[in-house]
Each structure stands twice: as structure tokens, then as C-alpha cells.
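Structures incoming, each one as C-alpha cells.
Two complexes follow with subunit A in common, the first pairing it with subunit B and the second with subunit C.
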Partner chain A sequence: MNVLEVKQLTKKFGDFIAVDNITMSVKEGEIFGFLGANGAGKSTAINMIASLLRVTKGEIEVLGKNIAKHGKFAKMNIGIVPQEMAIYEDMTTYENVYFFAGLYGLRGAELKERVIEALAFVGLGDKHKSYPKNFSGGMKRRLNIACAIAHRPKLLIMDEPTVGIDPQSRNYILGSVKKLNEMGCTIIYTSHYMEEVEEICTRIAIIDHGKIIAEGTKGQLKAIITNQKNIGIEVRSAENLDRSKLAGIAGVNQVKVEDRIIKITSDSEINNLNRIIQQLMADDIEIRSVEEHEPSLETVFLTLTGRSLRD
Partner chain B sequence: MKDTLWLIRKTFLSTFKKPMNLLLYFVFPVLGILLATLIHSGSGDTELRMGIVNQDGGRQITQGVIDAVGRMDSMLVSEIEENEVKDLIASGELDAAIILPAGFAQSLIDGNPSDLKIISIKGAQVTGQLKAYLEQHINNLASVGRVAQGNEVKFKTLYENYQKNGFELATEKIDDQSINHNKTNQTIGYLLILMLVSASSLSGILIKERENRTYYRLLSSPVNARTYVLSNVIVNLTMMMLQIAVTLWIMITIFHVDPGIPYWSMFFILVLFALVAISLSLAIVAFSSSSSAASGMQNLLLIPTSLLAGCMFPLALMPAAMQQIAHFLPQYWLLDTFSHLQQGVSMGELSLNLIILIVFAVALSLIAIYKFGRNNDTRSYI
Partner chain C sequence: MNIFRIALKEIRVIRDPKMLLFLLVSPLLIMLILGTATTNAFNGSLTVGEINVLYKNTSTSSELSKYWDDFTGQMRQAGIHLEGAIDNTDGKLKVKNNLYTGYVEITDSGLMYYANSQSLIESDIAQSVFTAFTDRYRLAAEVSETDSKQADAIMAGYGGAGYVVEESLNAARKPGAMDYFAIAMTTMFILYSAMTAADLIDGERKRKTAVRLLAAPVTKMEIFIGKIAGLVMVNAILIFVVVLTSKYMFNAYWGENLGLVFLVLITEILFAVSLGLGFSYVLKGNAAGTVVMIIIQLAAFLGGSYYPVEDATGILATIASLSPLQWSNAALLEMIYADSFTAAANAMLLNIGFSVVLLGIAITMMRRREGL
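And then the complex of A and B:
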């Protein structure tokens, strides 16, 4: 079942098209990575999904219901973790979560129980009476998440939830995302940190200039952009290397030597690793290790969009 | 409705949590009453301290003039020497001095009174009434002198008869309500300024929420923007109704100021003004991109318009052109309504004033709604 279905979604600001006819879906139980450089249209799309921005054209369905007709239903089932902190500094952690969860109609014992549960989930169970103004960046981020999950949304949209925090808090948050997902929450996750997206996302969409230019699993995305593989061979000494012979092996496109590492770019479809090793042995070169690298998601993004994610 | 109540509850809790808000809503208006009371405390009945230099010796007629001055209401008379006059007036121990010259009594008998001197540094405010009284008294005596044709014995007889047959002037003192009215108007003037500031402060929450992104989170919940703004308006109106009720109650009960207008009439009219203040504050929010921009706009609008409308000092003190400008300000129409009610004009006759206040509130609200609606981003309110 699709938790989110977006059809031909478009948003115009005057003559500027921020989101251009995008169609995508997020299945139940997925952690869906949404990648795009600044200004690519990612936040505009998310804001439309969250009913924060009027749609110029297209349809959005949350849990099978069109948000234009069932806006309240959609909002009841969505949680948002905004990139910037959206908490009251002059209210305690408990009061913050209590207030925001109350906006979803929760009251009384159930509300209190959910607040306690959400704060415990993000590791702030012992900070009920503390004020966020005294918190570290990581703790504020965790409170930001607690405010979004106390009403137990079916779809959680997390916009850069780990920006500017220490590695310990980042690990905690990534762990929490996985745990939430295991508990049945479908997640849309945007981040500048490719390694995070690679680590936790089951499917990824790349948006550029308002359009989705690629969508699929990590493997599918990597397959789209490259038919090449990178081989790195660490040797004792590369003095005797005959580059021309190595470059003459079928499939090898490029040979580079950096210190004691021979970097070879080769067609991914030709299995030539044995030939390469034999050639090195023939040159009397002692091999210490061999690694075959797949292209990273960063490379995929760079190749598809022509710009880095932080541009 | 549940959403609205939830938002109202939160705004009230946050508002009462900050001591500065309580100062603004309840303490500052009381300070306004105190200030108005202090300003008008000197404008009640006061005694005029009069020094008299008698250079005419112990003549009965001269003494009669001195006694006549002493019989004037609120007049405290003391006989002094001529060389003391300047010092006593300069030091403020005397408000004025009269110098009765040598031969004054004889000049009256002759029917040709010699000039007497009145010295004061406070001008006509102090000497006007005295001068008028003395002129009449001396003219009467001079008339007696002219009838006696300079005959001192005849003059004395006529003078004694004049004193015996002197007409009795029955006086009844009525309370001077102008001081109470002035205190009321001054207090209301300050209250209007504080209401405008209070309304802006509460509407300012909308901008702060936008700046700290909590508004983004609020709108991503089932609460919609209209509910959110409505809850703010309800809190704003309630706070101002409390502010009005408490201020008026303290003014009447604790400071014993009789405003000359029934409590509930004042309350009702001030609530109308509260609606104007809220609409204005929403319009400011709608046109401001940040708290600092809103704050700048408030400074530019609230104090100068209140000054021009007569909230701080009477409008009559301003040039005619400025008084005309005041007609375009809601504060003027409220103060004008109060002033007419104090003069006994009925509420029905002032319906135009009340309609003008309502029109201000509606027009400003429509401007705010129009501007909110034009914002095509996630930060728009309506």
C-alpha cells in the first residue's frame, strides 16, 4: 500500500516553477530518501505534501485520500521534523511536546502517556522539566523529533534532522529513525549527508530544478549512472609497473598510480580482475590488497545533477 | 473549537508566565492613573496669599478696603512693609501684593481715587479677580466721595450707611468636576496608548512564531491558519477587556476619581477601541516581515498618533492644523466621545462617534486579511 502518492505535482511562484510535474510514491514501511541541492524544489514539495503550501497543479494522496478534500485526515497522519528547530524556548520539554501533541486532539491520560513515551524515545525522559534554551544542539534536535512523533504519525517527514550536531547525537537520531521505521512508521528523509541516506534509506528520489530525475533503490540508482567500476590495488612498490600493458587489458579505461595504490577504471560488465592481477605478477609487483569499489551515491548525485548536494 | 481552546490556553499560559506582560497590562495603566492624579493634584481650590503695604496709616477707610480684600474667598491677607514685597513674591511666599499709597483714603473722600499698585509675577491668573473686585469696591467708595463733595463727616456717614446696607450675595459652592474629568481623560489617554502597545505585543506573537518556526509546526498539525489567528485575537481581546475593567475599577474605587460617565458605558466604548487596537496590530503584523520591522512600524504609528489625538495632553493646546489631523485618528474619536459624555450628551447622540470607531476596526481588519491572503508561502496566515 502506498502511504503517499504524488501525481503530476506542480508549484509555481509567479513565472518561476519550483516543482515541475513530479510523480512519485512512498510505500508503507519505507524509509524514502529525498535528495536535492538547495533550491532544487525539495522543501517546496515537502511543504505541499504537508499541506503548508497550496498546490498549483496535481494531486497528493495520503493513505489513499486526496489531501485537497481530506486535509485534516492527512495532517492527523503526518508528522514533520523541520530542518530548523520549531520548539518554544520558554516552555519545558514536557510542555513543548504536550502542547504540540494536543493539537492532534489528544487529551488527558492518553496525552500524558504519549508525551512521556515520545520523550523517552528520543532519550529525553529525564529532562521533562528542563528548558530547551539550556540544551545542546543535539538535544534540541531530539526534542524537535519528539514533538513530531508523540501523536504516532503513519508518515514522518524528516527534513535534515541531523544538521549541525555531534556524532553521538547523530547516531542516536539515525538509530531512532530505524527504530521508528521498525515500529511501522513510514519515513521521508532528506539530508545533505549522503552516507546517512545510503545507510538508512530503502528507496531514494533525486530532485533537481523541480523535477525528479531519478528514483529507485541505491543499487538501481547506481546502475543508472555508471557502467564502470573502480579497482584499487595496494602494492609494495609500483616501480616495475608497465602501464601500457595494463591499459591494454580488455575493459580497462584508465590507470593511475597514487603512492603505492594503482587505481584502475574499468567497464563493469567485463570481468578482467584476474587478467589485471596476472599482469602485475608478471611485472614482479607484490600485491598487498585488492578492492573493487562501487560508485558512491555522491558520485551518482554529482553525475546526474552536475552539482554537489551542498551547492 | 477544541483546537481554538487549546491554542488559547497555551497563549494565556505563555502570557501570564512573563512578568513583563503583567506589568504592561495591569501595572502600567495604574501608573498612568497615578501620573494623571499627580499632574492634576495642583489644580484644586487654593488660597491666594496677598501682602498689603499700607502707606496710608491707620485711616478707617483704608482699613475698610483691606478688610474687604480679606473677605474675598480663598484670600489670605497679611500686612507687610514695602521693602519686603520683592523678596516675598520672588521666594513664592506671597502670590501678589497691593500697595495702598499715602493719601489713598483722602483721594476716595475727594471722589478722585489715587492709583494703587498690584504686584505679582503670576499675572492675570492671580490678579484678575482681585483687580475686578477692587475696581468695583473703590469705584463705589469714590461715588460716595463725590456725593459727600469732599466733606469728611458726610463721607463717614454715607460710608457707614453704605457698609450697613451692603447687599448680601448668597453663594452656593458647586463641586468643580473639571479636575475629575481631566484626570479621567488623562488616564484614558494613557490607557489608549497602553492598549495599542498591548495589542501589538500580543499580535507580535504571530511574527515571533513565524520567526522561530513553531508556526510551521502548528500549521502542519490539523490546526489551520484562521483558527490560529482567531485564537490570538480572542486572547488579545480578553486581555484588553481585563485591562480596561481593572484600570477603570482602580481609577474609580482606589483613586476616587469620578469620571462623570457610567462604568459600563466607559467599558463598552473602550472595548470598541480594543477592537481597533487589535485590527491595527494585525495590519502591522501583516505588513511586517520580521519582529524588528513590526517594532519599527509600531514606534512610527502608535506614539505619534496618540500624541496628535490628544492622549498625552489636551488637543486644544495644539495648532488648528494639527487638530484637524486628529480627526483621522481613532484615539481622537474615543476621547471626543468621553468628553461629550462628561458634558451630559447622551450615548445615542454620539452614535456617529461609535460608528466611526467600528469603521476603523473593520477597515483595518480588512486590510490585514487582504495582506495575509496575498502571502503565497508557508508563512501566510489566512
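And then the complex of A and C:
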């Protein structure tokens, strides 16, 4: 069964169209990735699904029921981890989760059990009495998640849950997401981080200017741009590099320099590796190694949207 | 049930000892300072208390005149000064000019009392005393047809019938400085809850927790009502403690009908909360807080929180009557010192009426809005 069904969903803010006629579905057990640059419309789409924004046009079904008619049912079955931290800093972690979970009809011993379970799940089991105002960014993010899962939602919507935290907390969160998914929770996961989406998502939608411009598994998405190849050249020093000369070579679409690695995206049909190497030699740049990869998801994104995920 | 949970969260403040101490100590401290520092002013002639009534006796009945003279003597002992006017004095004008609490004309057809609208309590007291006097006189007049001794007794206040005068004499108790400021600080403190209210819903928006509340299976109305109910309850509890502390620790006089006092105070809490909420919906962002703060301070200044405005005259009196604190303060004073419940009923009606309007505006705006 489809946990989520979205049909021709549109959201306008005045004349501005933030979400433009999107149609998609999420099946039970999926981790569905929502990939898009800043302002692409990810949060707006998610917020309509979670009944936080009014729908301008279109339909949303959660577990087969239209949310316009069965709002309460949809809300009971959805958990949302908002992009911005939504916790009470003057209440303990326990009280935070207890309060929010209590709004989902949980009572007494069951409520307490669920709160303890949720806090343990995000690794805050020993912090029941602590106040989040003293927490690190990562711990706050984890509490933000605990507040969303204590009522055991069928569909968990996570809006950039790993923004601005240390790698350790991020790994913990990614691990939790996978574990939740294994326990039967369907997840919609929004992120700026390509690696995260690549690592955990079973299916991905790329959203740009409010439209879904591509959707599928990683393999399917990469197949869209089989006409692209990535070349990575490690050099001793890229200081003397004249990027415009490289970009002028036939077939080369993009040249990026990261530290001592020159990353080139090029049409796969054109064999231009020799010319690239010749150019580097002419500029007196010492080559350490050369690699050719199949396109990454990042390349897919770049090619489709014409912009980089992160500004 | 959800309303209850949301309300309960607001009451949490009470659990925080530091916050609680601050909330309770500040009004009590100001009460103590003003109540003791200004005692002299209250015993002087400027403030509430001095009741000077001008009278003109044109009655031809020697009986009535005799009783009236006795009565003036009795009243002087009770602190009500009845002063005979010279024939050509315009008593009503003198009252209008706030020179007297009231003016009485005694004619053969009875007593006419002209009250001073600016010193409500004193006027009320005087009026009830005169009512008692006329009642007794009527009774005595009837009795005297058969038994003039008993009539004299009635007028002297020894008769079994009608202890009205004695009640009225009790009512002539005047508020001391502590009595006055216990009331004034309590009502002012209540008005300050408008500040908390201005941030009640906006605070949820700022903290982004509004998102979570809205995502939960709770309606906007439930959130709204829950939060208001919580805040009203918190303030009711605090006020309860403040009033009882002032009563038993500072010996402030709150009258015989504490229940009704609380009822008036609770309607004022509702009014204050609605005021803050209403403005937080009409004005965006921090503007609401600033405007509410100005309103509170003006209301406090004009409404008699720092000095009694009962004796104010002219424009100041008119402006004072616009202060929501003035309604409640005057109503409480009248209720406590003159046993007059009409003022209390009016104040409650005003408080509730304004609350309904302000909450109506807030709810309409909230309904239109996405989010809270």
C-alpha cells in the first residue's frame, strides 16, 4: 500500500508558486529522499503533507485517506521533524517528549514507556532531567527527533535533520533513521547532503523551483545522464591551472578544483582525456593520478538543475 | 483532554521556584513599600476618607429638624461632617467643584441628596447613611403618632427596628494606605499578565513549537483555549496567594466578601489576558509587547495604582475613568467599603465584555491565518 499519495499538489504564496503541481507516491517501508537546493520548495511540500500549510490545489492521501477529510487520522499517523528546532528549552528532555506525545492520545504507563523508549532511541536515555538549553546542536537535533517518534508514526517526515551538527551526531542520526525504517516506519528524508541521501534513501525525488524534475532509485537517476563522465585528476599543485583553457576543450562541461584534485565533467562520447592531459602538461602541472568515474548523484543533480546543491 | 494538557503546560511556571518568587515577591514588595511609606498621606486630608457633606434645611417640621441635628452630631463621631449651608449658597455647584462629598436638601417633602460623581466611595457611604436616616425617620414618624418616646428611641438608634445606621457606620471604615495599595497593586499586577499573554501564542511561533502543536491531532481552537485557560489559572493562583498574603501578613482589609473579590479579580485576569492576546494578533512581532506595555503603564498611572485617583477632578477624572484599572479598583473599593455590589457587577461586565471583543478579534485573525 502507498503510505503517501500526492496528486498535482500546488502551493502559492501570493503570486509566487512555491510548489508547482507535484505528483508522487511513497510506498510502505521506503526511505524516500527529497533533494533540492535552497528554496526549491521541499519544506513547503512537506508542510502541506503534515497539515501545517493549506493546500492551494491538489490532493494528499495518507494511508489511503484524503487528509482534507481525515485530517486527524493523517496527523495521528505522521511524525514530523521540523527543519528548525521545535522544542521547549525551559522544559526537560523528558517533559518535552512527554508533552508532545501526550497530544497523540497516549496516556499513563504507556505514555511514559513510549517517552523513555524514544529518548533511548536517540541516545538521550541518560538525559531525562537535562534542559535542552545546555545541549549541543547534535543533542538538540536528536531531541527534536525523539519528540516526533514517541507516538510511533507510520510515516516520519524529516526536514533536514542533520543540518549544522558534528559528524558523530550525524552518524548516530543516520543510523537511527535506518533502524526506524527496519522497524517498519516509512520515511521521507529531506537533505542538502548528497552523501546522506545516497547512503540511506531507497528512492529519490529531485525538486527544483517547486517541480519534481526527476524521480527514481539511485541507479535510475544516474542512468538519466549516462552521457556524462567524471574525470578526477590529482596534481601536485593546481596553482597555475587555467580553468578556462580546460573548459574550452571539446566535450568538457564543467571544471572544478578541490584542493589538489581537478574534477572535470565531460560528455562521455567524446574522447578528450589526452587533450586534457596535454593541456595540463603545457601549463607545467605535475599529474599524480587520473581516474574516470561513472557520474555521481551530485553530477545528476548538477546536470538536471544547473546548480549545485549547497550554496 | 488536549486542552487540559496544553493548559497544564502553562501552569509549569509555578514549579520554577525562582520564577514563582519573582512573580509573588514583586507585587507584595511594592505593596509593602507604598503601604507603609504613604501612611501619613492617607491619614491626612487629601485622600479617601474625609466625608464632608453640605446641607440646607428648609423644613418647617421641628421634629425633623431636631432629629437631623441629633443625626449630625452622631455622624460627626463617625467621621462624617455635615455642614449647614448659608442660605444663598449654591450647594450643587460646590459639590460639582469637588468641595464637598455631597449636598443634602432637607425639605418638608423629604431628603434630596446630590452625590459627587468624583469621590464615589465617600458619596456612596454618605448616601447609605442618609437612606438609613430617612428610613428611620419614616418609621419614627409613623410610630410617633401613637408613642413619641419610642419614636425618639428609634431615631437615637436604640430601637429594635432597623439597624441600618449601624451597618452604615461600619461601612464608614476608610481604607488605610496598606488597604488601598493591597488592592491597587493586585489589580496592577494582574494587568501585567497582558505582557505574558502578548507572548502566549507568539512565543510558540518564535520557538517553532507552534509547528509541532499544529502537526499534532489537536485543533487550533483547542490550542488557543488551552493556552488561555492555563494562563488565567496561573494568574488566579498567584493572585490568590498575593491577596491572602496581604490580608494575613500585612493586615490589608479585603472586606467581608472575599469570594466576590476574587470573582472581580478573575474577570480582570481574563480581561488582561485577552488584551495581550488581542494586540498580539493585531500587531505583528514585538510591536504588540511594546504597545501593551505602554497601555499597562498608562493604565497604572491613571488608574490609581500609585496614588488614589478618587479625588481627581476635571479632565484627569475623565481620563482616569478610561483606565481598566480604575474600573476594578473603584469597584473593589466600593464593594469592600460601601457594600455596594453594583459597581462590582459593572466592573465584571466591562471586563468580560472587553474580553469577548478582544478574543473575538484574535480568534477571527487566527482562523484566517495559516498556523497559529
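Here is the rule we use: the second predicted complex is superposed on the first by the 245 of 311 C-alpha atoms of A that agree within 3 Å, B and C clash if a C-alpha of one lies under 4 Å from a C-alpha of the other, contacts with A are read in each partner's own complex, and residues count from 1 in each chain.
Methods note: a residue touches a chain if its C-beta (ideal position, glycine included) is under 8 Å from a C-beta of that chain, and two chains touch if they have at least 3 such contacts.
What you see is a predicted model, and the numbers here were worked out from it, not measured in a lab.
On the shared subunit subunit A, the superposed partners subunit B and subunit C overlap sterically. In the superposed model, A:F100 makes contact with both subunit B and subunit C. Contact with both subunit B and subunit C is seen for A:C147 once the two complexes are overlaid on the shared chain. Residue contacts after overlaying the shared chain place A:I80 against subunit B and subunit C alike.
Applying the stated contact rule after C-alpha superposition, one finds that A:R288 touches neither subunit B nor subunit C. Of the two partner chains placed around the shared chain by superposition, subunit B and subunit C are both touched by A:S51. Of the two partner chains, neither subunit B nor subunit C is touched by A:K133.
When the shared chain is aligned, subunit B and subunit C each come close enough to touch A:K72. For subunit B, the stretch among 3-11, 57-65, 75-83 or 147-155 that collides with subunit C in the superposed model is 3-11. Taken together, the two complexes place residues 50-54, 72, 75-76, 78, 80, 82, 84-91, 99-100, 102-105, 147-148 of subunit A in contact with subunit B and also with subunit C. Those residues of subunit B lying in contact with subunit A across their complex are 2-3, 6, 10, 14, 17-18, 212-214, 216-223, 376-378.
Residues 2, 5-6, 9, 12, 16, 207-209, 211-218, 370-371 of subunit C touch subunit A in their complex. For subunit A in complex with subunit C, the touching residues are 50-54, 72, 75-76, 78, 80, 82, 84-91, 99-100, 102-105, 147-148. Listed in rising order, the residues of subunit A touching subunit B in the complex are 13, 47, 50-54, 72, 75-76, 78, 80, 82, 84-91, 99-100, 102-105, 147-148.
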